[in-house]
Amino acid sequence: MPENPIAPAALEEEEKESYMDYNWDQPGSPPGTLRIDEDAQPTTLYLIDYSEHEIMETDLATPEDCIPYLDKVSVSWVDVRGLGSEKVLHSLGKVFTLHPLVLEDVVNVPQRPKIEPYIDQLVLITRMILPDKEGFRTEQVSFILGQYYLLTVQEDIGDCFDVVRRRLQANVGVIRRQQADYLAYVLLDALIDGFFPVLEQYGEQIQQLEDEVLQNPSREIVQQVYQLKRNLLTLRRAIWPLRDAINTLIRDEHPLISAEVRVYLRDCYDHTIQVLDMVETYRELAASLMDVYLSAVSNRMNEVMKTLTIISTIFIPLTFVVGVYGMNFDNSPLNMPELHWYWGYPTVWGFMIILAVGLVYYFWKRGWFENWAQPPKDE
Amino acid sequence: MPENPIAPAALEEEEKESYMDYNWDQPGSPPGTLRIDEDAQPTTLYLIDYSEHEIMETDLATPEDCIPYLDKVSVSWVDVRGLGSEKVLHSLGKVFTLHPLVLEDVVNVPQRPKIEPYIDQLVLITRMILPDKEGFRTEQVSFILGQYYLLTVQEDIGDCFDVVRRRLQANVGVIRRQQADYLAYVLLDALIDGFFPVLEQYGEQIQQLEDEVLQNPSREIVQQVYQLKRNLLTLRRAIWPLRDAINTLIRDEHPLISAEVRVYLRDCYDHTIQVLDMVETYRELAASLMDVYLSAVSNRMNEVMKTLTIISTIFIPLTFVVGVYGMNFDNSPLNMPELHWYWGYPTVWGFMIILAVGLVYYFWKRGWFENWAQPPKDE
Amino acid sequence: MPENPIAPAALEEEEKESYMDYNWDQPGSPPGTLRIDEDAQPTTLYLIDYSEHEIMETDLATPEDCIPYLDKVSVSWVDVRGLGSEKVLHSLGKVFTLHPLVLEDVVNVPQRPKIEPYIDQLVLITRMILPDKEGFRTEQVSFILGQYYLLTVQEDIGDCFDVVRRRLQANVGVIRRQQADYLAYVLLDALIDGFFPVLEQYGEQIQQLEDEVLQNPSREIVQQVYQLKRNLLTLRRAIWPLRDAINTLIRDEHPLISAEVRVYLRDCYDHTIQVLDMVETYRELAASLMDVYLSAVSNRMNEVMKTLTIISTIFIPLTFVVGVYGMNFDNSPLNMPELHWYWGYPTVWGFMIILAVGLVYYFWKRGWFENWAQPPKDE
Amino acid sequence: MPENPIAPAALEEEEKESYMDYNWDQPGSPPGTLRIDEDAQPTTLYLIDYSEHEIMETDLATPEDCIPYLDKVSVSWVDVRGLGSEKVLHSLGKVFTLHPLVLEDVVNVPQRPKIEPYIDQLVLITRMILPDKEGFRTEQVSFILGQYYLLTVQEDIGDCFDVVRRRLQANVGVIRRQQADYLAYVLLDALIDGFFPVLEQYGEQIQQLEDEVLQNPSREIVQQVYQLKRNLLTLRRAIWPLRDAINTLIRDEHPLISAEVRVYLRDCYDHTIQVLDMVETYRELAASLMDVYLSAVSNRMNEVMKTLTIISTIFIPLTFVVGVYGMNFDNSPLNMPELHWYWGYPTVWGFMIILAVGLVYYFWKRGWFENWAQPPKDE
Amino acid sequence: MPENPIAPAALEEEEKESYMDYNWDQPGSPPGTLRIDEDAQPTTLYLIDYSEHEIMETDLATPEDCIPYLDKVSVSWVDVRGLGSEKVLHSLGKVFTLHPLVLEDVVNVPQRPKIEPYIDQLVLITRMILPDKEGFRTEQVSFILGQYYLLTVQEDIGDCFDVVRRRLQANVGVIRRQQADYLAYVLLDALIDGFFPVLEQYGEQIQQLEDEVLQNPSREIVQQVYQLKRNLLTLRRAIWPLRDAINTLIRDEHPLISAEVRVYLRDCYDHTIQVLDMVETYRELAASLMDVYLSAVSNRMNEVMKTLTIISTIFIPLTFVVGVYGMNFDNSPLNMPELHWYWGYPTVWGFMIILAVGLVYYFWKRGWFENWAQPPKDE
């Protein structure tokens, strides 16, 4: 199935992830304890500082390097990638005066998507969906929005924000004239739009499964429907709390979000609802597919049983008949005189043919040949 | 099935649409980017300008042509059809001072139905259902209501508003004495009423499926029930958010909607609830039909198995009996002396007939012949 | 089944109705357009005008005839039956100054039950359930409550209000001392009480289906459970919005409803909840019955299969054995010497009996005879 | 099953009750009409009048006899049992100035549990669960709480309040120092606690059904699970509205309930939630049990089919082989020369044994003997 | 299955507990009656009294011994373990001035998790999950938070608080500088974190069941899925009310909880939601697993039936053919002349081989060999 990159390897990949999404702290560890995964990539920082007329991009060696930019009226987007360097992350917390719990949520991935308003910061935890060579993977992106800066922390290298970076560089649209809250909106919008290609592929997968289940129901379909259901559960778990978070953002006015950006966020909100809508629709379709599959299996069993019954019902009585004439009774005149008739043998055959034709007619009358005549594969 | 225009071709058509209703923006594209489909029809504009005593209808070449009419006290209904001309749509946005996101929602179809209040405009996105040669199709209609004008933007040529146009021309009822909000109500009402014929056809299809499933359950029923479920999901997705939108319109007083029209909107609201009511009822009936089908398949299997069992159970022991007398034992006096009796052969037949009758009687006592005697087709 | 008047013919009747409950207006028709059904009965009017000490009943030729009574302090109950006379209905609208939409809702049956408060009128649309010769039918009753009058509009001749009329005539209880709102309550109460006999019959039907499904599951049960489910859906659609309407009536104080009558309406509200309670309970029982039926079908299949398997498994090996001795091998000393033994034949029989008894014992040990010994009918 | 007093007779008993819980008034009967059941027990009255230092108990001949006690500062508990004496009940209504609808609700059992606040009275309708010789039965208990009195009306003789009476007599705890509202709480608490033993028995029944369904699934289990579901529905219908009623009592402060007693009522509320929690859990377990049962039936069918298939697949080809050698072909040299070989017969046997062993090996490889070797009963 | 410590013994253990979680009071017993279980461990008390610079730990003989510490500004954590000593518990109630109902809830385990605010105390009832030698067990922990003290009452010896005690002793983090409310948060956090390891093991169990059900569906899977569902129900019952309790704690400001700690409690709240999220996801997966299992059973049955049908359908007609040539007809020229042909016997074999190959080809065309060729075990 090379035309559907979600299936099999991708599923295999996501399988590993979907079971225990949430890593837990060692019970009893103090709040703010960072849990650094050994496989995590080293932390790097990238700064884009822009105003309407200027833009500057640079790698940062340490979080402290961005301090000079934060106070400037220009918008500073500090993009942190990789959660492998505990020291860097701690000093990041200090530079941006993050609450210990916020730092913990940002670093100890995965967390449930949520919004947390602080007095001079707005923290939004989300999940980003990304294509990779085996299909798709998700990673956590945290947004920390301040007055003049936006700090984004990504679990891994690689994101769906390149288009935004190009718009910043090329000064496309109004983005360079807007504040940090608009930048946050644009990134969030790009992140949510990233769910749609995945959904489209699931839609295609469902369509393909439908064709298969109606024409040639094989055992693999059950497995694929099951994995589809599980992946949809994972998607729903990612997007449902995000919807709530954005709704909270729109409803509860926060000084860091301007009225204008709030209008744009309504658009984001609509998109999350669209994603949820489709996830729910796909879940209902997947459940229905299972029903269709089971009915196809039943039908197939029915067809098998009918074949057996027709053959057995025709030949078992005939075998009895020929068995009768195989009995070794003496030549008493009462014993099967037809054995000695001239037309005896053809008469028996005639009788047997009438019996067989009668049974076939009976089955035909009861409609047993109806759905059974054409092989199910070419339907 | 020529009497049911929804089935097969129509389903085929809707199938294509129902999987990925929502087209998505290229992730990261700036808000307000218009996505023009290559197959979209060129945009045309049609103006109806009316007051109680006058009415004027004209095609417009460009959106700018309608500017003189917008300020007049008369009601101007600007009807835009087709989303293929990007330039026209952009200038439309300028003439009506549409928010970039509104223009995006109007053009980048399909969107989820919704209401968006702006200070001097009210934007309502809906889906219209339309009969076509293969059954039905849906398209997006956007209403932008201003003080003295109503702008409607349709995805395609062809709508269900002709009756309203005729009422305007013929000055039937109060429509010409009312403002633009009343016109919006009348169009919305016509749009919602358009769902009922589709529902009626689904109702007839369910009735037909019921008859089939109870009398002659064939394999195609599963497919039809599945497609019915999917179509009902699509309908529900169209009408559910519309209900919420209209409810918001009634509850949150907006200066552009007069108290009188709000009373009429309650009627629209009732109709959307009726549509939803029926969609839900049909969904429950479709789910029940699936159960009935599965039980019919089980019953049919039961019938097949009974046939096999009755025939086998009667003839297998008899075949054993005749096999016994086919054995080539010597003429030892202990070896089947009945082979040499005068009445031996009839005795064996007598024994076999008693055995067969006994088994038939046993099956009859257990009620195996009950539901099985009459063929299921003529039930 | 003469003891259950709901079943078959009644279901047949309701079947026709339940699919497309809602008639729809021709899309685009102006609000207030009356849709007169050709089969509708001609409209007749009947007036009961009463105060504590006087009562007067009369047929009215035209709606205008009741004008003199409406202003009097006595309570006037104008009962309109049949929706066939468009002119009479229009003049009814004028006499009672009905809003065009109200008149439309009253005439264009069926509507969803609802309450609509107007300044000097309270409009309540309900469905009444009525026994008829084939079981039950429902019709729409609209209540329009004014200060001194109650207008009721019934879809058809025949209602459940005779007991109320008799109470009015006989001056039983407090009814003649009360205002029009109390009359409306009394009629509504009678209408809701009319649901209980239907529910009781459904309860009896469920009980009967339970007995059948546990003792003798036949194919008709599926059909009956399906129709039961559909009828319960219809009932729920009639009573659910009525519950909401009455709740609104109790919660939102309206000047036309006195505090005293509001206490009585709480009683009506309780009754609608009881009806809903039972409808939901019956729906869950019906769903469970379907499960029980399916398990009964499975059990029956199991029983059939066991019969087949026991007979086949015993006789097929035996048939093989006798087949062995039917082979025509030469008299080589290695070829079946037992054919020539004196005790050969009895030995073979002994061997076959031991084989058969062993298999029966084996099946008995595995418990195959347990649920199978007694015929299911006499359980 | 003597260790489970709920099953069978008890179920039989409850069966009668659970279908049509609600008796309905003759449609159209005036509010306040009492419906006296012919089988109802004659009404008796019992008074307990107590203060901290005194207690007096007496039977009352008529309701009027309790008037002297009602005004006293001491708490008067008037306990009415049996709903068979219409006259007594009417005079009870007069003595306690009950609203006609209250008297109707109290007498026309069963009603939905509810709370109704009146200015100087608080009416609470509940259902009490009582062990009886066949398991359990429910009856209605109504509480009418006044300033200095508590009137309880029980449908039948026999209640779960004896412990409370003993606490009153023995002056245990604070009960004699408290007002009537505390007495109402104590009785309500005793009534709710009465649900737990029933739940425990259902819990034991589920445990027993689990064991049976996993080890020896018999046909009776379906019936038992079905009846369990029905009984749980009945319980839920009794306790769900009671929960709402108590919640209303806690939330809406009523002058007759002191703040202290309100704290105690929170405890009652917790208990009703616990009962509901368990009812819901049991319902989910019952639904799962049904699934487990169906899978057990399928497995059993599988086992039966495997037995049949293994035996048939081994012996049918062998029977064919021996049939071949039973054919009466002439002694042409091409015709079965093995019939005349010295080792012909053993060779054929060798071939058949190899065939049979090969098939057994094939089935063993495919795992058909796995779950099938041990009989399911001893699992 | 030594790698999965939940299964089987653990399930066995929890089984006993999950049926009747709630012990009930003897109906009618006065509020505040303590129910001492005979098997309960004797009550012991342990005090940790700390401030930023000092810490003191000691066993207490009687509750009265802690009185001197309660008034001090230092934080006193009184940890009570075991509910076996009625006298100690009563005097505990007196020392901490517990409301009789609070003492009852604390002692009469298990209770539903809940929060109860009192004026100078905050009572929180929770369930703690603990690993034990057979898997996991749950016990009740009650928190009573005062101004300067925290009283915790545990059902049993053994808890998950050792890490907190070590942090207190080692003065790790800010815990020693904080008040009693922070201590309560830290303990609650440790308790909630204790759910995650259990969930992870269920996740692993689901993964293992998935592999089994797709590759080698055995009968034990049903039992394991059923027990998994039941355990998840138990977990949900423990965590769902806890979520509500914590939410209440955050929303309703209580003077004993500082604003700072309220921020930390939001983190606890997030964790309970994560636990619930996973429980719900696992429940849906378990339900899907059941479906997959049932389809696997059906497929297996199909495979069995196909084997039977293919073998029977090939050999039954062949057996008939050889039976024909075993008939003892006279040598009339019409009677099976092929018996006397030179090539007769090979001709018959040729015919039979063509018949068999034809049938096999027919089955192959219909796709019967597709999913059936490879044994399901090695899939």
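Here the chain labels run A, B, C, D and E in written order, and each chain numbers its own residues starting at 1.
Note that contacts are C-beta pairs under 8 Å (C-beta built on N, C-alpha and C of every residue); 3 or more make two chains touch, one makes a residue touch a chain.
Computed from a predicted structure; not experimentally measured.
Under the contact definition stated at the top, the chains bordering both subunit A and subunit D are E.
Fitting subunit D to subunit E on CA positions gives a rotation angle of 70°, reported to the nearest 5. One inter-chain figure worth recording: subunit A and subunit B are separated by 25 Å, centre to centre, where each centre is the mean of the chain's CA atoms. The geometric centre of subunit C is 41 Å away from that of subunit E, both derived from CA atoms.
For subunit C, the set of residues touching two or more other chains reads 294, 298, 301, 305, 308, 312, 316, 319, 323, 326-328.
Each chain touches its neighbours in a single ring, whose members, counted from subunit A through subunit E onward, are A, E, D, C, B.
Note for the complex: subunit E touches subunit A at residues 160-164, 167, 172-175, 186, 189-191, 193-194, 196-197, 199-200, 203-204, 206-207, 210, 214, 263-264, 266-267, 270-271, 273-274, 277-278, 281, 284-285, 288-289, 291-292, 294-296, 298-299, 301-302, 305-306, 308-309, 312-313, 316-317, 319-320, 323-324, 326-330, 332, 334-336, 365-368, 370-371. Against subunit A, the residues of subunit B that register as touching in their complex are 15, 19-22, 24-32, 99, 101, 104-105, 111-112, 114, 116, 216, 218-219, 222-223, 226, 229-230, 233, 237, 290, 293-294, 297-298, 300-301, 304-305, 307-308, 311-312, 315-316, 318-319, 322-323, 325-328, 339-346, 348, 375-377.
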